[in-house]
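Below, subunit A partners subunit B and then partners subunit C, in two separate complexes.
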Partner chain A sequence: MFKIYFKQTLAMLKQNRLISTVSILGTALAIMMIMVIIMVQHINEMDMAPEVNRSRTLYLKNYQQKSRDTLNREWTSGDLPYELYKQYLSEIKVPETVSLITREQENAILTIEGTNNSYTCSQTKTDGNYWKIISFDFIEGKPFDQADYQSGLKKAVITEKIAKKLFGTSAATGKTVNVNYVPYTITGVVKDVSPVFTFSQGDLFVPLTSVYGYKNSWGVMLILAKSKADFQAIKQEVRATERRYEANNPKYTLNFWGPYDHRTQKDNIDSGTAVDESKAPKRILLILVILFLVPAINLSSFSMSQIKKRSEEIGIRKAFGAKKYTILIQVLYENLITSLIGGFIGLLLSYGAIIWLREWLLDFPDEGSIPAGAFISPVVFLFVFLSCIVLNLLSAGIPALRTLRMNIVESLKRK
Partner chain B sequence: MAIISMQGINKVYRTQEVETLALENVNMEVEKGEFLSVMGPSGCGKSTMLNIMGLLDNPTNGSVFVNDINTTQMNDSQLSEFRNHTLGFIFQSFHLINSLSVIDNVELPLLYRKASANERTNRAKEVLERVGLSHRMKHFPSQLSGGQCQRVAIARALVGNPQIILADEPTGNLDSRMGNEIMDLLFKLNEEGTTIVMVTHDEHIAKTTKRIVRFFDGRRVE
Partner chain C sequence: MIKHILTIIWNEKRMNSWIVIELTLIFTILWFCSDYLLTMGKKYSEPRGFDISHTYNVKLDTLSSGKNQQIKGMTKDEIFALILKRIKANPSVENVCVSVSATPYTGSFMSIGYKVDSVADKSIWTKRVTPEFFDVFRIRLEKDKGFTQMKGTITNGVLLGKENEETFLDIPIDKIDSISNNNKYKILGFVNPVKRSEYNDYSSIVYQLQKAEEMGDYKDVSIRVKPEADNPDFAEKFVKEMREQLNISPYFLVKITSLDKSRENYMGWMGFSNGLKSTFSVTSFLLINIFLGIIGTFWLRTQSRRGEIALRMALGSSKKKVRQTYILEAIVLLFIASILGVILSVNILATGALNNIGLPMVEGDSLKDLSLIQLLTDYLLTFGMLTVVTVLAVWYPSQKASRVHPAVVLREE
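Moving on, here comes the complex of A and B:
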């Protein structure tokens, strides 16, 4: 039965090329807009190498400390200070592990002894636990560890790009590079990371404790939970550290904003206020509802006129024994084929839109590239398929139900 | 023995402004194996009567019995199934589905009997052979002449082995030669035992059938 419906759908598409093109394009544009939203969220949130633990990682970026003196309401806020992290957060028990990363505002200068060449690169200062949270692909050597970090040893991990610039095709591991004129030993080389990965991009990684004045630095705390189920317990433990601080510092109140999951931390850009964690999902849901409804309403009037043209055929089928639900399934199936064709085209268009508009949509420089895994993903394909079904039901289901109510004789009279 | 019995049938069409009495107190029986013609001027209600007899439309009042079963008690789904197994239809304007090939058009009734693809195809080929169109199986209705289209429609009406065929002006859109060919087919079917009820304007054709029933202004007059 479905084979005949499929043949009929292809025949009808060929017979009415202009109308078919309009219908497919309308669906394609709708799916394109929906998939741009879905894929941007997906790229920003999915577990993807090297950030393979996004789904079970919390992020704590900001804090605010306020005086309890009502006459003198002094307060400080900003990125998480190293000292606050070390004293109150580095030893929390519930997570699997925690790490602090800082990103130098200025680039570091790299030089090789005995050469005149110098290179600038972005520098990330972190600890040994970082490598347990972010899974880099080491093409040479290995990372520095927690013992190196605690000893403040001058060790470095560089990216492939920097290794080529410094050493050409020779191995870099074990060699010395001057970072801001201080010699560091290279322990490992990792594959370059796309700028889409906020917490793992960078050219050079060194232990935070190896840098002069590190105690005055600040950064972002990464909290790797054993599972998502522990998120609530981790947040409670962070609240408990606030209370512990306030017990030790009765003149002040302390708030850590967060910790937030990967999606919510993107909205955490203002150190003065907490993020409403329900805001982002509600916003996305609202946008998706609009993006489904608007084209569905437009396509439904189009579908209605197409189905009305087939009133005679519907009458014939009913005359020869088709039940209403059989015809409904046929109409939805045929429309689904058109929707899937439009969906496939829409998916390709959405890839094009994301690549073309990546700076605006994903907020990273033109020269960056989006990992292929973001496009070829079961989640993405599932969403396309579900979007096609929803659009199909909304645009064809209601017109089909209305036409089915028509009497057989009335249907046969329409041509 | 009556295979179809219509008792006290009234059909009223209501719009916001006007009420039209299309059929008034129609009583009629069709015997098994009969070839019955229904005649009358335009607008007399003969097609309306045929539609009700064929369970394509509901009477406002009255009952329709087919094989002694009161069909006016049936719901939509039951009527669909009953039509599929018991009745075949031939329309004046053929009513073929243009986006389906000849063989797919003919298979249509069997599609709704959940017959397998092989069964459908074999049976469709059989009836197309019978109406002399097996060489046009893969063609589309737009590629056929009027007479060929009507033969496809007859094949479709026959494919499910219905007991009753209802034909509404089957030769109305055909020239006399093609009309005669179609009538020959129908006569052959009737000889084989199929009950046929045919609406026609053509007195000459009607006289060749076993019995004529006449309608005028929604009432049976003869």
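Moving on, here comes the complex of A and C:
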């Protein structure tokens, strides 16, 4: 029976070319926009190698200190300073592990002893715990550990790209490279990381303590919880450290913004204000509602007229005993075919849009590549299918219900 | 004619209510988009107050040891001054300055409390700069109260940046005598209004004039390059040429970045470019949808109205008239929707619901800030955009309608 419906639908589509094209295009456009939003969220939020622990990681990026003195209203805010981290935050108990990372764009000059070449690259300064939070793919060698960090040893991990630039090969473990004119030993080489990953992208990784003047640096704190259930307890522990600081420094009040989960930390840009965690979901909901509603209104007027034309056919079938339910299914099914065709085209368009506009959507430069898991994943396909069904129901549901209530005699009379 | 069209519209109110609802919804959303675009456009067109063409930020860093030049017997500050001298001596460089939290598009921001005349504690945006700063970034001295005579820093000298032509901090400039906090500052003049970026408003600024050695460890060095010497490769060439000269322990040259690049980073960081791009996408999405919607609706209408059109043509209506009726009908529908849309928009603005959602609205967008002129321009822009799309969409169906053959159709009836 469904095979007949299918053939009927195709015939109908061919019959009325303009309307069919308009319906399919409208659906495709809506699905494209919806899928772009969903895929961007997917890429930004879900666990994806090497940031495989995003769902149980919290991020603390800023602090604000205010003077209690009402005459001298002084306040400072900014990225998390090393000393503040070391004295108050590094020892918190609830999480599995914590780490501080500082990343500066293009501020490391790499030179090899005995050659004239020099390359400028980005430098990430971190500790031994970092490697437990982010799961890098080591081509060879291993990372520096917490003991190396405590001693401030000059060890480095580089990416494959840098290894090839410096040595012409990715086998670089054990070799020496001068970072800002100071010799470092390479302990390991990792696979390149796409710039999509804010907390693991980089060219060169060194222990923070090995850098001159490190005590004056700032960074971002990564907190790996044992499980999501611990988030509240961790936040409370951070509040407790604020109070400990205030007890030691009675002239000031201290606030750490967060720590926030991965999705929320993206909104944490300005160190002057806390993030209102309820805003982003509301915004996305509103946008999705608009993206569904507007095409649905368009498509429903088309569905209405299609159905009106066939009211005679529906009347005859009802007269011969077809149940209301059967007819409803047929109408929805036929409409679903259009939705699915549009959905498929929309999905392809959304892939194109993300690749073409990735600089804007995902904040990163053209040379980067997006991991394939972002595009081909069960979550993505599930969403496309669901969106098609929702769109289908919204646009064909009401017209279909109305036709059912039509009197058989009336519909037969309408020629 | 209009009355006739209104009658036609009323006759088909069932069908028309769908399209009017859609148009109203889209009009409302586009109204907010237009408001955002117009406000941003207006701010963008205002002069920023500084000029970053041919300017670069020079990034120096320090190291503990290393095989760089060692000059014995000079203090760190003296070495820094030597580095500045060597930069200035480069034939491509027009001028050099040093500053803290001051270069255009810098991420850092400093705000200090002052007492201006008798107005108590005000927190004012503060920049610490050497006198060359104003040359490098082409900020004009608009009222000289001793700056040019001094030709250099004097202790606690400041220049005040106006927030508009006449006032600093809402006080007329002529009336400002003193500014102080724990220090008493000497006002050496006033400079033109400056914004933090194209999309911000003008603010009052206090420029504290200092020597490089008074600025601590986190100072920025900026240079202005002669226009004839500047080109896309300049940054690389400069670093290659100057590295040896400027690598004097404990300092070394990391890189130089053009202010255009800093600007790109800043705009990205602040989300301005994102806000604009999302507004453009939403606008395009809605316009394409309404285009499809109108084409489809009017196409269907053509089919159901064939008898009526044929009758009109038989009674003497020309093809042109038929087309015109179609187009007018669409525009009248749009007009009705636009009135409903404006009412809806103003109500939404009044509830302040948008602030809760964090949409890229311009700061201070509430009903009180909405001036009549703004309301009118937003309406005109939205109505304009939709009219263009509507007319384009109705064109094809109207053509098809006008090609109805009266005799054929009437016989079918």
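Please note the rule applied: the second predicted complex is superposed on the first by the 403 of 415 C-alpha atoms of A that agree within 3 Å, B and C clash if a C-alpha of one lies under 4 Å from a C-alpha of the other, contacts with A are read in each partner's own complex, and residues count from 1 in each chain.
The definition used in the following text is that a contact is a pair of C-beta atoms (placed from the backbone, for glycine too) under 8 Å apart; a residue touches a chain by one contact, two chains touch by 3 or more.
Worth saying up front: this structure is predicted, and the values here are computed from it rather than measured.
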Which of subunit B and subunit C A:Leu394 touches, first, second, both or neither: neither
If touched residues of subunit A are counted for subunit B and for subunit C, the larger one: C
First, second, both or neither for A:Ala233, with subunit B first and subunit C second: neither
Which of subunit B and subunit C A:Thr326 touches, first, second, both or neither: first
Which superposed partner A:Lys3 touches (first subunit B, second subunit C, both, neither): first
Which of subunit B and subunit C A:Met33 touches, first, second, both or neither: second
First (subunit B), second (subunit C), both or neither touched by A:Leu348: neither
Touching partner for A:Gln15 - first (subunit B), second (subunit C), both, neither: first
First, second, both or neither for A:Ile408, with subunit B first and subunit C second: first
Residues of subunit C defined as touching subunit A within the complex: 15, 18-19, 21-22, 25-26, 29, 59, 61-68, 108, 113, 121, 123, 217, 252, 254-255, 268-271, 273-274, 277, 281-282, 285-286, 288-289, 292-293, 295-297, 299-300, 304, 356-359
For the subunit A and subunit C complex, residues of the former touching the latter: 18-19, 22-23, 25-26, 29-30, 33, 71-74, 78, 106-107, 109, 120, 180-182, 212-213, 216, 267, 269, 276, 278-280, 282-283, 286-287, 290-291, 293-295, 297-298, 300-302, 304-305, 360, 363
Residue ranges of subunit A touching subunit B (in the complex, touch as defined): 1, 3-4, 7-8, 11-12, 15, 312-313, 315-324, 326, 407-409, 412
Sites on subunit B touched by subunit A in the complex: 51, 54, 56-57, 76-77, 80-81, 83-85, 89, 91, 95-100, 104, 107-109, 111-113, 117, 140, 156
